[in-house]
Structure formats: C-alpha cells, structure tokens
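Below, each structure is written out as structure tokens.
Paired with subunit B in one complex and with subunit C in the other, subunit A is shared by the two complexes that follow.
Up next, the complex of A and B:
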C-alpha cells in the first residue's frame, strides 16, 4: 500500500515586492510523480537547490502543490480539513537542532506536539516517556536541551515527532550539523524506528554512506526525480551520479575504478565487507 | 543539577515552598506585597518581618541569595534617605547643622519606606527563587485566562514566554560567539566613551538580528509541522493541580492577612 503519493506535482516559489506584485517565480518541483510504500526507508539525494526540502514540505502539508496532488496516508494535502491530519501522520525533523526545540525542558518539548493535538495529560505523559525511551533519551526528561549535544538534540526532535504517533517521518538533512558520533546515533535511531515500528522514513541527506543504508534511493535534480532505485543500482551508475554533481560512497568508487581498469567484478558494491568478499573470490578463482 | 541550566533566578532545592502550586505562590506574594502597604504599628511591621523571615527559612534558599536582590535597590534607598533628610517636613528636630535639618518625622518616613522596599524585594525574590520560569509561565497563563474573553491571547502570551525562555541561553551563547569573533578581528568593546562603545556593539547586533530572524523562521516552520495552531485550545502534559499543601498554604496566607489587619491597630 502506498502511503505517500505524488501525481504530476508542481510547486512554485513566488517572490513579491511591497505592492504584492510578483517579481520572481521559481519552479522548484516540476511534474513530479512518486510513490512510497508503507514501511519503506527511502533516502533522498540531490545537489543543493534540487528541490529536496520542497519535496519534504509538500509531504508534511507545510506547502500545497500548485498543480497535481499529494496524497499522504490517504489524505489529499490540498484539502484544508486534511492539513492537521497530514501533519500528524507525517512528522518532520529539520536540519538545525537548535531551531526546532520549543521548550526549555526536554520533556515539555516532546509534549509540544501531543499538546497541540489536544490529547489528555496522562496520555501525553505516557507518550512522551515512550518516545524518549525509544530514542534513548529518557533520562534527560527534565534536563534543559541547551547543554545537550547536537545528536542528542536531534534525537529529542525525533522523539517530539514520535510522540504524535506518526506513520511517516521525514528528516531534512538531520545530520548535516552533527559530529560523526551524533550522526551515527541519529541514523541508528531512524533505522531502529523503521525496523521496529514500521515507520515509513524519508531521509534527505548529502552523506552517501547514510543513503547506502536505505532500501531505496531517490536522486533529485532540477525539481525532478533523476534516479530511483536500490542503493546498489543507483551507486553503480557512477558517471550519471557525477553528472548530477554527486559522489558515490568511497567503496563504490573503488569498485567502479577496478571494474573500469578491467577487473572482473560486478558493480554496485556498497560495503567494505562486500568488497573484501568479492576480492577474495577473485583471488580464489585466479 | 550539573547539566540543568538555570534560567532566571530559580534556586533548586527540596522545600515545601518549591513544591507549592505556582498559582498559590503568586497569590501569596501578591497578598504579601499588598498587605505591607497596610502595615502601620510597630507590631504590624514586626509581624510582617517575622512572617517573611519564616518563609525564607522554609524555602531553604541561602539568605545570601535573598539579599542579592537588595543590592539593586541600594541606590534607591540611599537616594530616598537623602531626600527625606533634606526635605521631609516635621517639627521634632533631632539634628541641625546650617541648612541640614533632620527631623524625627523624616526619619520615620524613611524607615517605613525602606522597610517596605526591602520586604517587597525579598518577598518577590522568594517567588522567583523557588519557582521555575516554566511554572511561573503556567501560573501567569492561568491568571490571564479570564481576560481571554475580552480578546487577550493568554495561551499565545504563555507560548511567547516559553519560547523566549528557551532562546535566551541560545542567543546569549551566540552573542558571546560573535563578540569573540569580532574581538579576534580587533574589535574593542571595553574602552572608549559611551558613544564609542555603543558603536562597537553594532557589528554584534547586526549578525545577531539576522540569525534571530532565521531562527524565528525555522522555529515557526517546526512548530507548524508539529501541528501548532492558535484556533483551538491546547492541552497540557502537566495540568496545574492543587494538593493538600496548597490549601494549607492558602490558609496560611489568609492568616497573614488577618493578622496584619489586626496588628495594624496595636
């Protein structure tokens, strides 16, 4: 069952001057078609300005398409009454951990979403504890978020989304401002939620090693989907990736270079383990 | 308490006052501040002071912190003292030296005013030292709620305060960072006259403003994404709820009011 569906979606940013006259139009999403199945873990890659964040905002009903329809969990995001249902079922985590935490106490911040939904106190408390537990931050319940690390703050932001009990979580470059340790923790959390709670995850990132962990990769370019497939399929097209001004994981690059210089091995190797296995196999055969 | 950042003056301790409902503490402080304007006789002053001293002891907050608040009014005290000494009317002269004339009435007037100020500051310090800013916000929202009928957005005001509290440390840290960056480029914030120093602040304020706008934009989006809306009543994870101690405290406050009114005439 598809939980996110884009049908011929276009979106345009419009700049106006003081007199509300249009000075500039920019079509950030162009005639885009996409469907994502329930429980999928999709990574979205793309050069700066390719329309990734716009795509994310369309899923969360923060913006509505100019033409075409976006359907999330069966709700058309263009219909006024659906907006809060869509936002409840598709939670969103943003890039800057500091700019999305609302309260000065961790527990209170996680409670923000459920409070907006008008849920009863006892139930909110239960959800907040459960959400903090599943991101491994329960012991920080009554801490101030201010002194926590970036990775911890992002996990609190994830807990804030979880407390609304969403079906989908969209993360817009959640690890861009984090150190390697923080990145690892955040990614682990996302993968765990996807695996254990079957939460459909859409991870926008510019780290290829993160994208390699997904079940599916979508590459955006100029407001359109340029590539769509399994990580091995996408990354094996090294030249096309370069054309789109993107890198591939180091090991895939090595794989590509070996292949190009005549070594007999398949393309699409993503991990060091796969590479060593493949090399050992070659050695045995030789 | 290591990582918990204390904003405002909150002093964490485990006392009855800390645990009281913030609304009760608000009422208590308000009642106290109002009542000390009724104090007249020596006995009533004594009563008010003893009552407050008892509160200080119960609060388990070091007296040193309580007195810190007084520093800020020291100037006002000295100023009114001088004014009273020079200009207070009265016949009973206690000291005269050329044009300086100190009268008993003037001294009494000053003493009363000083006592009032000191008690006022200490009583409000007890409130802010024993109540977290978040709890204060909740109490404020409660007291503003009746005004929602005449269009006062109580819920939104409370939300604004919550966000302000959240961002004060972030912005302070950012200011510090910018200042350091400017200093590294040779900026000088410490020397020169008032104008020069004010001018030196411009390169700090401009980036601070720009980044604050960006933050505000991001935050607004994050809040919307989490279903924030102003057209419905939000629920709360922690509802304010009176416990037995809160009722006892209200009885105590009533007792104080009655006591002061009675002692006033002795």
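Up next, the complex of A and C:
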C-alpha cells in the first residue's frame, strides 16, 4: 500500500514586500510524482537548494502544494480537516538538536506531543516509556536534556515523534551536526524502528554511507526527482552523482576507480564485505 | 605563525555549582604553515580550545604562544591578535548581518584603514575563493541557502588575510560537492599563502585526506596526536571515544585478515586504489 503519494505536485515560495505585493516567486518543487510504500526506508539526497526540505514539509502538511495532490496515509494534505491527521501520522525530526527540545526533563519533553493530543496520563506515560526504550534512552527519563550529547538529543527528538505513534517519520538531515558515534546511534535507531515497527522512514542526508543503508534512494535536483532506485543502482552511476553535486560512499568510489582502470569487477559495490569478496575472488583467479 | 599551548587548563563557571573543566592540561605544538586537524566527540573541548588561540578565552592556568609570544602577557594586543588569527565559528552564518554579501565580507576590513581599491581586491578575492560569483555580491545574506551563507561567512574571515586560519566544523550541513570545494580551496590557500590552518571536523575522511597532523580530543584532554597514519592506525581507541577511522580503513583491515595483503598505512581512497592495484597487477 502506498502511504505517501505525490501527484504532479508543484510548490512555490512567494516573497512579498511591505504592501503585500509579490516581489519574487520561486518554484521549489516542479510537477513531482512520487509514491512511497508503507514500511519503506527511503533516503533523499540532493545538493543544497534542490528541494529536499520543501518535499519534507509537504509530506508533513507544514505547507500545501500550489498544484497537484499530496496524499499521506490516504489523507489529502490540502484539505483543512486532514492536516491534524496528517501531522499525527507523519512526524518530523530536524537538523538542529538544540532547537527541538522544549522541556527541562527528558520524559516531559517526549510527553509534549501526546499531551497536546489530549491523551490520558496513564497512556502518555506508557507511550513515553516505550518511545524512550525504542531509542535506547529510557534511563535518561529524569535527566535534563541540556546535558546530553547531540546524538542523544536527536534520539530524544525521535522519541518525541514516536510517542505520537506515527506511521511515518521524516528526518531532515538529523545527523548533520553530530559526531561519528552520534550519527551511528541515530542511524541504528532509524533502522531499528523501520525493521521492528514497520515505520515508513524518509531520511534526508548528505552522508552517502547513511543513504547506502536505505532500501531506496531518491535524488532531487531542481525541485524534481533526478534518480530513483536501489542504493547499488544509484551509486553505480558515479559520474551522474558527481554532476548532481553529490558523491558516493568510499567503497563505491574505489569500486569505480578500479573498474575504470580495467579491473574486471561489477559496479555498485557498497559494503566492505562485498568488496573484500570481490577482490579475494579476483586475486585467486590471477 | 606557530601555535604552542603549554599546560593549559580552563573551566567554565569556575567556582560555581556548574563548574566544568573543559580543558585539562593541554599541550600542543603547531608549526608555521602546518595544516592540522582536531577531531573529538561533541563536548570534548574542541571549540573551547580553538577560542584560546585568538584570545577569545583566557586560560585559567597555562599559556598559549604565537610565534613564541605569550598572547595573554599583554591584553592590549588582543585586538591585533584577533586580526591575525581568523576564526570561522561553528555555524558562522548566524553572524551575517549586512545588507549585501559584498558589504558583509568587507565588514571587518573597515577597521584596517585600507585604500578602497585594496578593500575591493580583498573582498573579490575572498568571494572567489569560496566560489561566490558576482551574481551574489548584491544579494542579501538572508536570501542565501545554508551552504551559500557558510561560504559568505568564510569569505569574511579570508578577506582579513589572516596568518592563521581556524575553521570550526566548516562543512556541517553542506552537500558533498560544496564540502569538497570549500576544503580544497582552503587547502590550496594554506599552501599558496603558507598560512597555518586548523580544521575542526567530524569527518574522518576529510581529515585523512587533507591534514599533515591530527590532534584527538576526548573529555577535555588531548588523548592522541600525530600524523594521519599514526592517529588512524588506532581505530579501536578512536571508536572507544566515539570516533572512527575513515571508512576505507575498515576495508583494508578486512582485506588483510582475508589474506589479500595490500600495503599498510592506507587511509584514503586514492591510496587504497594504488595499494590494491599493486596486488592485482603482481
């Protein structure tokens, strides 16, 4: 079942002057079509300004299309009455860990969303505990979030989304500000929620090694989808990725260089294991 | 210009309930013209340390020397020191405020009493280095994308023609091409002008590729330092403090375990390519 569907969607940012006259229009999403199945883990790549955050905001009904339709969990996001349901089914996590935490105690911060839904307190407590457990942060229930590392704060932000029991989680560069361990922990958390709870995950990132872990990669360019496929398919097109101001994981780059220099190996190698197998096989043959 | 740090200790909120020892007995030497990397987990003290290099923070004990001179011996010299030591803060885009990109980059120069043509030459030169063409000169900094703002902010520091350039995680949030472009330009600039460059980064891959020497921080201390090879050979130690070795290192390790004996000391894709080719061509 498709849980996110974009049909011919366009979106325009409009700038106005003091008299509310339009001074500038910018079409950030252009006639875009996309469907994402329930339970998919999709990475979204694209250079700065390619439209990734705009796409995320359209999924979450923070903005509505100028034309075309965005459907989330069966709800048209342009219909006023649906907005609340859409936001409940699609949670967002943003880049800056410090801007997302409001309360002075971790448990209260995670409870913030469900409290706003008017849920009973026993149920809220259950949800908060479960959410913190899922991101591996339950023991910080009574802590002040301010003393946590960036990676831990991001996992609290993810727990805040989980406490709403969403079907979809959209993460807009959640690891951009983190150190290597923080990045690893956030990625592990996203993958676990996707695998165990079947939460549809849309991960926007500039880290190619993170995108390699997804089931599918979408590459944005100029408000459109430029590439869409499995990581091995997308990353085997090294030159195309570079033209789009992107990159490929280090292993894939090495794979490409070896192949180009005449080594007889397939393209699209993503992991250390695949590469080692391939190289050992070549050496045996030699 | 060389930087030397001796027995430096620094506390935030000293003597208060929330006292935090952010730097613990730091000793380091960075030679004139060197390109060094500082890596370390969030909160390890990287930003605190580099703010001591241009006297924005003052040690509680110990000292910082630039070309052998204690920078805190005479506080009246701090303004001059800050002109010579260019510091690009983490998220420098928050510091853009002028009405145009050009004016923003020129901002620091007004205090130097330069002839107008020199100001213009420096501003254009700096914007060129960061890859912002003339189309951007009259734009408001607020109209720029995150990556473009970052470039403008870096240009503002470059225009001051510093003798030491310090960059605190300059590429966080930039797309891969933008990241590479800025880092390559900084590398070239450092070599051409023979200035000392200090790069704080979370990207082990960038550090492995670019720098001459690496300092590793954990919990307010320097726990390891040396050449790229000396530091990244310790992948277990790095992992235990929340870091990692460059991705390619794990391939080389796995290969050697499986009997594919390529040459050691490989930390970049280019070196891995050559090492593997050598084995395959044997």
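Basically, the second predicted complex is superposed on the first by the 286 of 286 C-alpha atoms of A that agree within 3 Å, B and C clash if a C-alpha of one lies under 4 Å from a C-alpha of the other, contacts with A are read in each partner's own complex, and residues count from 1 in each chain.
Simple rule for what comes next: a contact is a pair of C-beta atoms (placed from the backbone, for glycine too) under 8 Å apart; a residue touches a chain by one contact, two chains touch by 3 or more.
The shown structure was predicted, so the numbers you read here are calculated from the model rather than taken from an experiment.
With both structures placed on the common chain, the touch criterion links A:283 to subunit C but leaves subunit B unconnected. When the shared chain is aligned, subunit C comes close enough to touch A:263, but subunit B does not. By the touch criterion stated above, A:21 is placed in contact with neither subunit B nor subunit C. Looking at the shared chain after the overlay, A:49 reaches subunit C, while subunit B stays out of its contact range.
Residues common to the contacts of subunit A with subunit B and with subunit C across the two structures: none.
Taken together, the subunit C residues at the contact with subunit A in this complex read 40-43, 145-148, 172-180, 202, 204-205, 242-244, 246-248, 250-251, 254-255, 258-260, 269, 272-273, 276-277, 279-280, 282.
The residues of subunit B lying in touch with subunit A in their complex are 3-5, 7, 133-134, 162-163, 165-166, 169-170, 214-215, 218-219, 221-229, 232-239. By the touch criterion stated above, subunit A contacts subunit B in their complex at residues 60, 62, 84, 87-88, 91-92, 94, 96, 98-105, 107-108, 111-121, 124-125, 128, 142-148, 157, 160-161, 164. Taken together, the subunit A residues at the contact with subunit C in this complex read 46-49, 95, 149-151, 173, 176-184, 206, 208-209, 242, 245-247, 249-251, 253-254, 257-258, 261, 263, 272-273, 275-276, 279-280, 282-283, 286.
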